[in-house]
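Next come two complexes, and both contain subunit A; in the first it sits with subunit B, in the second with subunit C.
Showing the complex of A and B:
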């Protein structure tokens, strides 16, 4: 009987892992949001993405076709963006719980920029499950901004490339491919 | 007074109605009115059906229209949220790329 429960637990865990992993944003961010000048909060699950895709189809232009293709691969989009008037509104304690969730073996840094002079830190994390892409997280800390973007699903860096030139994505951006054997991609650090 | 006048006087003599006369008249009027009303509806069964169907179609169309409007509003909001997410993702990727380029130069 115990064996059956164990097998069921393994199957359930594997199913949940395959479905995606939503990163929990600490509750301290809600307090920060009250102090922020600008707050963007996006929570779109699979059904809402389907609805958005349906209405994008009506636009019928090239961008919408590409976004629709991207949305079809995603299980969810989760964004928290806070913009403050003055620097120093958030502390390491506010960001560490997020970083901690992105430390598992499934996650690798594909881009890691840490400029200590301008106090800007941008890390792009890629999730790989069984050799396949399982999502992307962009986590940016700037003196007056805190941004978390999670694109959950089997998204490829090429999908982002396809959108380059739109939505502020540079025309010639080429996000490095996630390599499960070599966890960290482009890393740039300036003291 | 001749016999004719006597007859006429008897015929035109005020006579009190029997007890409950007014009540009986009113009851008969009510029954008559009900019958008339029922007859006017039952005489037009097709109109009744048509009105019923029209009402049902109206209700279904109204509910469907409202549902469409709510769905459209939710879809448009979701679409705008997708744009916000992509704009932010793009901006941060651009920032990362600029920093990488700046450092490599």
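Showing the complex of A and C:
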């Protein structure tokens, strides 16, 4: 009988551990969505990514080969995009809970782009679990737009370039060229 | 004698009833929630050969011409449709525009070979429309390429 409890405990622990590895869409996002003029959500889970890999496969196209390789590493792609009518319709206080969920020892800023002209800010957060990439979050802020892209799986920031423009991931999200002087937590600032 | 009849009927009784399609589930949900009746599209069968030739098929369309659900009030459906459809269906795209007073929710189901897409759209002109269809590999690849833009242009 004790054996049953032991097995159940192992299964339960494994389930919780698996759940723990998943990045959740911040609950505060729904509050922001209620204020937004346009709301777009794209959800591609593991089964859909498997189909995407099958349907988009073209061995003669280098981009397609690369995308297929990346899809194999991912468990899910989740895109959340909000558009507001006027600047100032969301405040720092509205956005802070979203950022707060991307803090902690597992999270690091791998790219931080702050364009003062367009008032656009893009931060790429990476989650590291047991020394391996556990996923990426791209959070882009503009005066009237917010975009939250979650790439769940063992993916590196350099891989974003190949995926941007597909699966609802904005085309203009790219990884800036690595700065050899600041390999980690690099902050790129555009004039 | 009775035993024999029961034995003959047993396979029929045990056979699972065909699963309800996604569109029927969504139509029933809307009808019960908003006390409205759906309308089919007359002569839809005329369009089916064209769809089949392009690799798609299984087209079903149901309309609620008199029903207007604004983007702000679509939240109830967004929450309840996945529960009603069950785990076989996956949310794919949700697109909602308060500015244009329109929205669309798209769900997919796959058997590993084909993808069936269920699209629920609403705009001020045509009301609420539900479409279910099997999509070809080419069409699905196009959808995956830019899901948000495709959802916007579908309307």
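Please note the rule applied: the second predicted complex is superposed on the first by the 111 of 191 C-alpha atoms of A that agree within 3 Å, B and C clash if a C-alpha of one lies under 4 Å from a C-alpha of the other, contacts with A are read in each partner's own complex, and residues count from 1 in each chain.
Quick note on the criterion: contacts are C-beta pairs under 8 Å (C-beta built on N, C-alpha and C of every residue); 3 or more make two chains touch, one makes a residue touch a chain.
This structure is a prediction, so every number in the text was calculated from the model and none was measured.
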Q) Which of the two partners, first being subunit B and second being subunit C, lies in contact with A:25: first, second, both, or neither? A) neither
Q.
By the touch definition at the top of the document, which applies to A:39: first (subunit B), second (subunit C), both, or neither?
A. second
Q. Where does A:85 make contact in the superposed view: on subunit B (first), on subunit C (second), on both, or on neither?
A. second
Q. In the superposed arrangement, does A:55 touch subunit B (first), subunit C (second), both or neither?
A. both
**Q.** Touching partner for A:129 - first (subunit B), second (subunit C), both, neither
**A.** neither
Q: Applying the touch criterion given at the start, work out whether A:111 contacts subunit B, subunit C, both or neither, answering first, second, both or neither.
A: first
Q.
Output check: A:147 vs subunit B and subunit C. Expected answer is one of first, second, both, neither. What do you get?
A. first
Q | Residue contacts with subunit A in the superposition, subunit B compared against subunit C | A | B
Q: Tell me which partner A:120 touches in the superposition: subunit B (first), subunit C (second), both or neither.
A: first
Q: Could you give the residue numbers on subunit A that contact subunit B in one complex and subunit C in the other?
A: 40, 42, 44, 48, 51-52, 54-56, 79, 81, 166-168
Q. Across the complex, what residues on subunit B touch subunit A?
A. 71-72, 74-76, 78-79, 81-97, 99-100, 103-104
Q: Quick one: which bits of subunit A touch subunit C in the complex? Just the residue numbers, please.
A: 36-45, 47-48, 51-52, 54-56, 79, 81, 85, 165-168
Q: Enumerate the contact residues on subunit A facing subunit B in the complex.
A: 40, 42, 44, 48-49, 51-52, 54-56, 67, 71, 77, 79, 81, 111, 113, 115, 120, 122, 124, 138, 140, 142, 147, 149, 151, 160, 163, 166-170, 173, 175, 186, 188, 190
(Q) Using the touch definition from the top, list the residues of subunit C that touch subunit A in their complex. (A) 71, 90-99, 108, 110, 115, 137-138, 140-141, 144-148, 151
